[in-house]
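Letters A, B, C, D, E, F, G and H name the chains as they come in the text, with residue numbers starting at 1 for each one.
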Amino acid sequence: MAPDEKERCWDSLGFARLDFDRRRRRGGFGETIFGAGKTNEQLLALFRAFIEKDGLPVLATRCSQAQADYLKAQGLAGIDHDPVSRTIIWRPEGQKSAGLLGCVAVCTGGTADIPVAEEAARTAEFFGAHVTRHYDVGIAGIHRLLEQMDFIRQAHAIVAVAGMEGALAGVIAGLADAPVIAVPTSVGYGASFGGLAPLLTMLNSCAEGVAAVNIDNGFGAGYLAAQINRKVCQAARN
Amino acid sequence: MAPDEKERCWDSLGFARLDFDRRRRRGGFGETIFGAGKTNEQLLALFRAFIEKDGLPVLATRCSQAQADYLKAQGLAGIDHDPVSRTIIWRPEGQKSAGLLGCVAVCTGGTADIPVAEEAARTAEFFGAHVTRHYDVGIAGIHRLLEQMDFIRQAHAIVAVAGMEGALAGVIAGLADAPVIAVPTSVGYGASFGGLAPLLTMLNSCAEGVAAVNIDNGFGAGYLAAQINRKVCQAARN
Amino acid sequence: MAPDEKERCWDSLGFARLDFDRRRRRGGFGETIFGAGKTNEQLLALFRAFIEKDGLPVLATRCSQAQADYLKAQGLAGIDHDPVSRTIIWRPEGQKSAGLLGCVAVCTGGTADIPVAEEAARTAEFFGAHVTRHYDVGIAGIHRLLEQMDFIRQAHAIVAVAGMEGALAGVIAGLADAPVIAVPTSVGYGASFGGLAPLLTMLNSCAEGVAAVNIDNGFGAGYLAAQINRKVCQAARN
Amino acid sequence: MAPDEKERCWDSLGFARLDFDRRRRRGGFGETIFGAGKTNEQLLALFRAFIEKDGLPVLATRCSQAQADYLKAQGLAGIDHDPVSRTIIWRPEGQKSAGLLGCVAVCTGGTADIPVAEEAARTAEFFGAHVTRHYDVGIAGIHRLLEQMDFIRQAHAIVAVAGMEGALAGVIAGLADAPVIAVPTSVGYGASFGGLAPLLTMLNSCAEGVAAVNIDNGFGAGYLAAQINRKVCQAARN
Amino acid sequence: MAPDEKERCWDSLGFARLDFDRRRRRGGFGETIFGAGKTNEQLLALFRAFIEKDGLPVLATRCSQAQADYLKAQGLAGIDHDPVSRTIIWRPEGQKSAGLLGCVAVCTGGTADIPVAEEAARTAEFFGAHVTRHYDVGIAGIHRLLEQMDFIRQAHAIVAVAGMEGALAGVIAGLADAPVIAVPTSVGYGASFGGLAPLLTMLNSCAEGVAAVNIDNGFGAGYLAAQINRKVCQAARN
Amino acid sequence: MAPDEKERCWDSLGFARLDFDRRRRRGGFGETIFGAGKTNEQLLALFRAFIEKDGLPVLATRCSQAQADYLKAQGLAGIDHDPVSRTIIWRPEGQKSAGLLGCVAVCTGGTADIPVAEEAARTAEFFGAHVTRHYDVGIAGIHRLLEQMDFIRQAHAIVAVAGMEGALAGVIAGLADAPVIAVPTSVGYGASFGGLAPLLTMLNSCAEGVAAVNIDNGFGAGYLAAQINRKVCQAARN
Amino acid sequence: MAPDEKERCWDSLGFARLDFDRRRRRGGFGETIFGAGKTNEQLLALFRAFIEKDGLPVLATRCSQAQADYLKAQGLAGIDHDPVSRTIIWRPEGQKSAGLLGCVAVCTGGTADIPVAEEAARTAEFFGAHVTRHYDVGIAGIHRLLEQMDFIRQAHAIVAVAGMEGALAGVIAGLADAPVIAVPTSVGYGASFGGLAPLLTMLNSCAEGVAAVNIDNGFGAGYLAAQINRKVCQAARN
Amino acid sequence: MAPDEKERCWDSLGFARLDFDRRRRRGGFGETIFGAGKTNEQLLALFRAFIEKDGLPVLATRCSQAQADYLKAQGLAGIDHDPVSRTIIWRPEGQKSAGLLGCVAVCTGGTADIPVAEEAARTAEFFGAHVTRHYDVGIAGIHRLLEQMDFIRQAHAIVAVAGMEGALAGVIAGLADAPVIAVPTSVGYGASFGGLAPLLTMLNSCAEGVAAVNIDNGFGAGYLAAQINRKVCQAARN
């Protein structure tokens, strides 16, 4: 017997089941699209399906310049494509990002970690967080980090992005009292083993208050930081 | 030239530098003791140093029954030892745990994960969080978890503890909107590789809102969950 | 002394020994061709050798569009090439697929797993199984899977294809009573380590009734599922 | 709000949630107990809970001699403990194993693999399969295996247990047409890496029709083989 | 103080120190060239240096078609380039390969292993061994191997080349009494992990008389087999 | 139908299938026993089965002192137990080792590698090879090795046993023209990873003429060296 | 509150924080640039920022020919680009390298290791060390190394660069009394695993006086060797 | 022919070749003994052989209390055993340690790293270096390290010992200009993987001037630091 159509809150595009219920289930956080590996046509179809459903903003990550160009060429208006973070945000024409609340601090060890950090920052902003950026503050010159700590400490959640040795997350956690979401990056070579080295560093952090997401997963860290930030902001409003 | 003694906020026991400043720096979260590998004498000395400093509660993790027995035999009063989680909490005599606030949900996939989960739960309680426990709700019988979700969804932060395949964290994250702190455990055998399997599962979670701590690191997860919980509760009070 | 030619049931193409006996030895399951790494000429020669032998259908996997185009350009009629699954099936002109029997359910966690799933599905169909497809039912939105379970439970064998965390197989096994053949995919990045993460997840499944094949080995899973399906159908006929 | 008690089909022992619904959901296969890491008291409590529920047979795996002795000393009658496979089967007094149906062949490469093989064999028998044993037929002396193949080919499902190089499963799959459930064992040393070597061998099998379970997981293989066997036998009866 | 020039038996090309003494030290086995990563100019210079030294034959491995074309275009006569094995053998014009002695058997599991096998075969021939080739005799159809064993048993040394599960070496060793040099290949995908799977299989061989060389190292296996073959042939002549 | 009993050349002890045909198939090399993990009773039964069969010498490896004591206590005469190599050799009373032929050189990098080296040496002697021992000649003091090379070069086969960095095999292969069987040992700590480091070193040897066996597999190396040695000696006799 | 601008000794280029204080903090060793992954524009901006700051020489590593061409095309004078080591050194026009002091010996196992060695050598020279080069002295022909030892022994620090088995560092350390900085290279294939094999070899060196840097990290080794060399030279001057 | 006895600078104890030439070859650094795995008798014999040779001090590492007790019980006078570092130093009776020169700084991240650090410190002192100890200065409370940096900067060489995340070495290298010898320790659990995590961290250090030794290899680090220290001190004296 087929499932009751009335109770279905997702629909099929032939290749994907859209989960329209997620926004409710996940506390208002909308669906997002993982662009890597999708054809131009699939990406466009997904954007259109979400837009038609409720017209709320949509975030896509890991999108190439070519994908963004295709969407624009196909007349999809309201596209904001950032090539550094490889993210595309769609918003209804004329609508700006809602007022951003709270604070999420996004830090990187080096300059090569910035694309991942920007994915985190743009994601957190998409989900309503005010974001401060603190890039290239790695531990090889620790004074650069120490000078930024007064700002970083004001965040409700901290995202620490680092490749190579990945020690940044632990150092920050030792200096702040907000949760630190650590993002190892595949930046590096040799015994970095594609990001394994900073991942293990972050998992073995001596300082309390650190948890790690997948290598290069700026989106996941930004989502989690925004989630914490929202909980705090919502509590403050009530 | 020696560092200015006046500015020192840690002291040395010969084998350890105590970090009395941490409580201030980390937003009021006191120092804790990692009991594993410490001699009875070292453990006692650490407890006494913290107690003499300010008389505030102290948490020690990874403590054996023998270590607890030694502390009691040496006349250290106010010891609360839990053999399942291997934690010892010292509180001033007559003082009870302060009123616990907010909510942290601690879940396990199986019964063998309970010691790690209890380490998380006791840690979160030590740092002021109200904790609800949801044990043995692994995905092999998913209805057990679904029945608990209404309770779990009320938490400000969720700790998901699982060994073997470690899928619990991702399933919960797909059903709740609170941050999920995932703790892989070394429960299992063979291709679990000492907890590597559930660790990788958790890092690769498809659902957003999951971050992982080290294998068997119940303390780290409990700390992070309590940190998030406190931020929310503090915001609500202000 | 050379082996007795009369007893030889394989022959040589110069680069390969054909195993014409396999069909008998393996219960009627014919030889198949692994297309990856073969030159156009080798692929054509293999097809022709099998076709000339007995004119029974032939399946080739991991074939590129270019390989398929070459075969057609060389006049090989009766080619059915599916670019998603990268499979080519040859059937005598005018002959359709035999009536498919029983039921194999093929499920995927996400849309990116579909090419591997289609390799499994097409393989199972080639070996005589009726196949139902249940795609994009991963655990990040578990209700999508639960709604499909009534259909999935009717299968004699279930193929569960998933990358990243790979938890799908274990969840299905907990909800069904048919054998689950788990196929980890290399979909993912970072700590997926090319499919190692879902592979370990599947090997550590808490639910009984799961066994795994190699990463991305849709063919192997489809073969095994068809083998089980055929045994059941043959028993029912007798 | 608490879940409706009427709908609960599992109950709690304080440390475990019993899943009494599993038997229905999994096609009549009852609950089993994983004995490793459980205290004598916990093991006894689990046995008693299942026995009181419906009095149907219970299987426990990874049980030590001491655990078996304790159960007997506590007056639990009807215990059948096999020290080689470390399994305990409880049956109502006077009741024998039901008539075993079909055929599962259990093979090992060497003598050191026998404990894992016996766990598989006893599990398959517990779930109603007739089992034939073919031990020490590893590929170092391939004629030992070839002589057994006529028997092995009669099985509905084959369990191939091997450590060290683990090639047995692939050789059998090349010679038979029944599904081969491969069980790598941790037998070996050095570059066996605790069973990783035979696990990889089995996953990379050139012959079709092989899927692997976790290292040393005789129970899982026996379960899966019995599941396949039962499907075939049930089909034959209908 | 500089080394005594008179005693120097190697010379420098600016980028390489030629080891002209090796032939004496290694029992008459000449220097060879590893072509991979060398520029056309470097490869030519190395050939010329060796040819000018004593005019004896030279073997180069891992050479591309482009490298071979360059050597010919530069007028280096006497080049025998085999694109399958990627080897180049230079011999004085008019001189043929010396009479080959003894017997080395080179076997492969599949057709994709042939390039590595040919590197082994050509190397063994270069060093004076008569070579018999037995390709595509993998264990998925064991009768193909059994039929060849009478020939393989006549060899003084056996080279077994196999990817994926890599079980060929152990099966042969169980059936022959000559030393088996096992060569794992990177043929395969997924859990083959670039040849790690067959390497571990070969190192864990149950049958005695197997030793392994590096993944894809046909040259090393051919050299070692020729070394054994020569020792036997030299003993027979004396 | 059961296999023809007349053709059976192995028999069963209940737990093992004896392979009496191996001696013929493997060129006269008899069966050996792997003692590790066997009970005293099993070990005795195996010795007795082989002795009763044909009274030829028997070699057992990985035997403890307790196992040797048991065999003697049970009246098994003719036992030669060497506690360093953990080998037991049984010979008919009054019979000495046959005249040893040829030459196998066994070398170690350090003193801690001696047990593995002695397993190799005793095995090679058991199979008829004259053995010279060259221990503690590792590359940290290369002159120790250089002084021994004149002796080592006289061997028909060389066994190089080394832990930690494992460079001994490659250095010897660069200085000799006999095949080098490399045995990595688990001697070392930390990044030796149980012998993985020397294993990889040996597989990556720059010098030609090296092949490796499993970590700590002195038996395998001694067998292979004896096999090569015998082939050379047999050729010399004919 | 923002950090006091007066105390800032680094500045931002938008994508990088320059650490102008490093030269003081690190004993006069200037900043360097890691060219890999940087755009032409970023690389130029970094060079200009350093040059404008104090006009002291600048070293950039991992630079492509295209990057060097761009810098020259943009009119950056004083560029010394070495394509083998992929380094670019900028010096004020007319200024030559300062007088080089002391001695650093840079050795390689093979010719393929030379690019990494040249990165080390050029780096050491940049930081003021006189460098002697000893290339292609690997252990497959140990006499090549022994002949060079009298020169190598005169160095204050030795850099040993080797891929594949990586034994060079240990052999040199056994023959010299200067610190040996070992650089594993990714030269090799198969079980080299991208340089893991020589890295483990170097970490497990039996000879004292060896420490390792990351795979292919010629820069790091050259820096460290120059640091040691400078300390010795400075001490000699005082 | 045997090597010329006159030229032998090592002798054999039956199980070990003593390398009396090492002191000359390695610049005066005497032989040392690795105690782990040696019998009491072997350890005593080694001490006596060195003492009889020239009466110079002897260092043994990885020695148990039982080994030290045995040496004393056997009348070996002049033994200085330190149970924390597990080192034994023998000096002629009445002779004290020679005046220590220069400065080596030994730092640890935590208290559990102290045994390894003491092995390094005692080793450096044995080889003539003045040592300052800076323990428990890990990055979880970075101010503890910053306060010590003025002292640490005065060292000619720095040993940084750390487990878990192992970030200490990189942070120190960013703040000092002396070479940093990094020692990962096996302190930690879970994803530390026996010290692999800090090892990778140290190899991937962003700061220049770091090289790593094996996990837990305090001896190697102390030796290397003393070697550098001596070179500097010798230069200063000349």
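Here, contacts are C-beta pairs under 8 Å (C-beta built on N, C-alpha and C of every residue); 3 or more make two chains touch, one makes a residue touch a chain.
Note that the coordinates shown come from a computational prediction; the quantities given were computed from them, not determined experimentally.
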Check: What's the fewest number of moves from chain B to chain G, given that each move must go to a chain touching the current one?
Finding: 2
Notebook entry, point to check: With chain centres defined as C-alpha means, what is the inter-centre distance between chain D and chain F in Å?
Noted result: 37
Next item on the list: Enumerate the residues of chain B that touch no fewer than two other chains.
Entry: 25, 140-141, 174-175, 190-192, 196, 199, 203-205, 208, 214-215
Next item on the list: So, with touch as defined above, which chain pairs make the list?
Entry: A-B, A-C, A-G, A-H, B-C, B-D, B-H, C-D, C-E, D-E, D-F, E-F, E-G, F-G, F-H, G-H
Margin query: Going by the contact rule set out above, which residues of chain C touch chain E in the complex?
Written below: 1, 3, 8-10, 12, 15-17, 19, 21-22, 36-37, 42, 184, 186, 194-196, 199, 214-217
Notebook entry, point to check: In their complex, what parts of chain E are in touch with chain D?
Noted result: 109-110, 138-142, 146, 164-167, 170-171, 173-175, 188, 190-193, 196-198, 200-208
Notebook entry, point to check: How about chain D: which of its residues touch chain F in the complex?
Noted result: 111-112, 114, 135-137, 140-141, 143-144, 147-148, 150, 187, 189-192
Next item on the list: Show which residues of chain C lie in contact with chain D when the two form their complex.
Entry: 25-29, 32, 156, 174-179, 181-182, 199, 203-205, 208-215, 219-221, 223-224, 227-228, 231-233, 235-236, 238
